[in-house]
């Protein structure tokens, strides 16, 4: 019995340690980034272009922030409609049919495509075949392919999470699915869908591999033209570090990237809470 | 409206759930369906208004005749479902206001006239015995109502689309005695206008409200007939066992 | 708006946009120089009409990307960039693919055999023969001790550019001469990274561009090869053998704006940047 | 009424068409990559390509063998899963069973954030901190190694393992817990003897998923694995995983050249590998469902 | 062993679930607890062996005395739960073999002797009336047993850790009549050694097996006493309503 109690205690300690490790890892990462990067977070850093010799050793990351925002916007705009439509089909129309199984399986497989392969495909298709060149559009579309399954999965789950009873009630009253969808189910699922969208945005903002070969360059004065390349935060970070341009700026850029992500996460969480209060 | 089933059989996958059901539900009467858990009561109700079709993997043979027409031959499913209202066991408030809950189906069927809508709302809530309790807060979300109130709201919602037959699946199983009483009174009142079919697991409720009682077991009709007769002089041993509490 | 993603519409749109902006990309050695120049150029003139009054008042937009000399040639050929940056000789096969193209020399560079300043080899054996260099990079000399008995028995860490780097091809040609480089070598994605690796790793040896050695004065030490120390003079005179040109290539004749920028690059201001970054401007 | 019905149909059809297009996208991706890489499957042949250990696509007779990279990919990914498994499972158990609710509520967003941190940031931190640390502490000649990449990948796949395992654990009905504890046994005893066996399939599924993720990761391994062409002989040697190879060389390969084609072939290999892991995972999950169906 | 509650009150969050429960369960007797759904029967059983503590948000006041000692003052919760065995409404087979199911608790309490373990296994399965049916397949996974068998297996599993009191929550609600009969016989046999407390929703079962019956409603004890007396001459109107089927 004594042995048993000791064993119990041993395992308890292991489980607690593992859980706390998670906290330590996250706060370790965030804390370290903040510690190393907070000195760079000046107004100049946010609002000016990279300068110095080599370029980027001084100055800021404004074009990179701009470029990342444009990329994300294009990716989300392209992916959101097909994503939602697919999710609606899966959750509302497909039932347990073969088609549903096939699409679900495909979506899951797409979610697993390595991001570099997305880049490879985007490069071959958008940059080379369609002739967009290394450009905002090519990068945005590659990112769209990447976040499409994320959007489908979160939206599908959000739709399916809406109380099944609502469907039964609606249907037994003889109303159509579309009426039910637009009056009851979509409004209920909206906060979760939006939350998922935000997470997908964060995912797109941080992706490097797909834009490395399709959109990103090390220097550009402005961003916004669809057919011109852009700077982007994650790629800029990669260049700053791997070309040994400036470790300090690299920490600053990483911190900005992570802060952006944290913000998106917090908003997504807020949406979720909104929902749990509403329901 | 008279409702009749002819040789109805239902399967889920390869499992037979309902077996050769031949029933006739008399017009403007209350019929109670009873039987042990899992015997297929809910499935039978769903078959009667074609919500069964939403279950994946169902199969059926036989016919369900509404005023002499097979509802399964009907093209427009929605109309069938509207004509034969079904109220589920767990009361569900749609995430809308009380009033919009009642008008949910009505709006779909194209009623736009405001005054008319108001009228339908008031009349159905009154019929369901809920008007007095909620008339001052029609715009509030319906989920703030109590279980018994939501149950009555569901009934009002179905009444609003003017059904000819009302199917109720254990409408009182989650309710306290006073709410139960209210629903039973409501059923009595409605029996003047509608044919009502009621699934219940409460023997005494069946005794109190039903004109006819049907006893099922394992997907088959064991016995059916006038309530008094069935309870006092059951013809089958299984019926006797059930009403004396041996099977549950 | 992203609705007009139809491939059919994209061609004209792209032509138009390339006409306005200049895309430059390639050698990781040269890209920082050009990026700096482009930045200066844009800062100085802002709009094209200030460069040349004949041109409309449009903002100057120049993109610079990196990826290695291979990327520079390749992208120039397939039109992804307007001006390719190449820090090696352009091969004949490549020239064949851009018959109307122009090749402009921005300057010269050399690959120095560079080590970390902490490495005692600087005192013990500051001069290597070409053959020793070759054996080190071929992986035949695995520890510093094998190079010279007085050195510590620590492994030699080889730092090289990946396939796409101009440097790797120049080095193969001039030093390795078909002997394959050891597979253990760390491939670095850019010259900057290669220099960084040597600067931070005490056991590393790599072929760092002369310009980057000068940019990282004190962090990187250079060994002489066959008795010749790489200096501005020895490289310019051709005494130091492992040298390479820094080139701009275009597929077609450069258009007006591109030519203006190339002129700027070859002007005093441009060449000053080349010099500041430690490279050797082309002989006048 | 009638046009309502037809509209209802068209919403469904519209969504179906879109969904099918999405499905076709994956198919076209596969087909396209196969087409581009077609010649590679003839000249070195599939066997030579997959097992060859020399990669020199620009040499006079080009040497195209990605065996080294495949091995590196497997080493890093497997290593990451091996490291992450015990930690991840313990975390999941902690979250599902032991954490006070306030702590669990704190930890779940933490997992989300960890999932969301971009891989380039992980790679950067790993290269800036871990690599230095290894060089100094273990006096290594250069700190990059497959192990280093695995270590960072561990942190990256940990959240996936934890959340997938946690939901597997939570899917176990409450009644098992109550029944066991009502017998007077302790929680750890219940966890080890009842909970883990019950959730076994779900937990394995989580690991498979994590393995798929780890194999496809690019930026972190690019910055940490060392990128050498040598055949990795141990966890601590350097290597160049497939994803890093593609990221490093795609930009410089001339469109249509053998180099370009073989990079696509490498991408196809990686894609098929990850897809088959995903398919295996699905099959596995379906299998598990059947088992839980029984009481 | 005698079990007694003194002024027991239980809340979930702010909702009061049990209200001032004062009960005494006579030694080696069978007591039945009855009452409408949701009245707190299960909660009461859980309170009696401290599995209540597994529910988040519970709160209690009062005492539960086992042989004169308050079980809630006991440090070692596990021992309390071992002494007062609780069998849940849904029978649960742990994901182990039949034999390991029976020995699950025993092993935890440190028994290592093989012969002894075999003996406990056989004896408990016999007591639960399951030995004959399973003796040839002790190593098979327990989930392959039928519902009724798993219910008896649960009883064997609890008996194996030697409880002094046995709490059963609607042990027959999912069983067919013949399994029900078997369990009832088993309870009769066990009443020679143990104090048994049984929650049932089946009036007839209470009549058949219980010495005493307790009737609860809304978290309160309405009436308790000898079974015959309570059924034939209920003192309270609510009790009368319940046993005549008005409330359910």
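Each chain gets a letter, A, B, C, D and E, in the order it is written, and its residues are counted from 1.
We take it that a residue touches a chain if its C-beta (ideal position, glycine included) is under 8 Å from a C-beta of that chain, and two chains touch if they have at least 3 such contacts.
To keep track of the chains, here are their UniProt names: A = Phosphate transport system permease protein PstA; B, E = Phosphate ABC transporter ATP-binding protein, PhoT family; D = Phosphate transport system permease protein.
Model, not experiment: these values are computed from the prediction.
Taking each chain's centre as the mean of its C-alpha atoms, the one that lies farthest from the centre of chain E is C.
Between A-D and A-C, more C-beta contact pairs are found at A-D. Averaged C-alpha coordinates give centres for chain D and chain E that are 48 Å from one another. Our note on geometry: chain B versus chain C, Cα centroid distance of 81 Å, whole angstroms.
Centres computed as Cα averages put chain C at a distance of 36 Å from chain D.
With centres defined as mean CA coordinates, chain D is found 51 Å away from chain B. Looking at chain E, residues 108-109 sit in touch with two or more other chains. Multi-chain contact residues of chain C (touching two or more other chains): 78, 188-189. Residue positions 5, 186, 189, 251, 255 of chain D each touch two or more of the other chains.
Residues of chain A touching chain D in their complex: 4-5, 7-8, 11-12, 14-19, 21-23, 25-26, 29, 32-33, 81-82, 85-86, 88-90, 92-94, 99, 102-103, 105-117, 119-121, 123-125, 128, 145, 148, 152, 176-178, 181, 199, 202-203, 205-209, 212-213, 234-235, 237-238, 241-242, 247, 250, 254, 257-258, 261-262, 264-265, 268-269.
Contact residues of chain D toward chain E in the complex are 101, 175-186, 189, 193-194, 197-198, 294-295. Interface of chain E with chain D (complex): residues 49, 51, 54, 56, 78-83, 85-86, 88, 90, 92-96, 104-105, 108-109, 143, 147, 150, 154, 157-158, 161. Looking at the complex, you find that chain A touches chain B at residues 95-96, 163, 165-176, 179, 183-184, 187-188, 278-279. Those residues of chain E that touch chain B in the shared complex are 37, 173, 176-177, 202-205, 241, 244-248.
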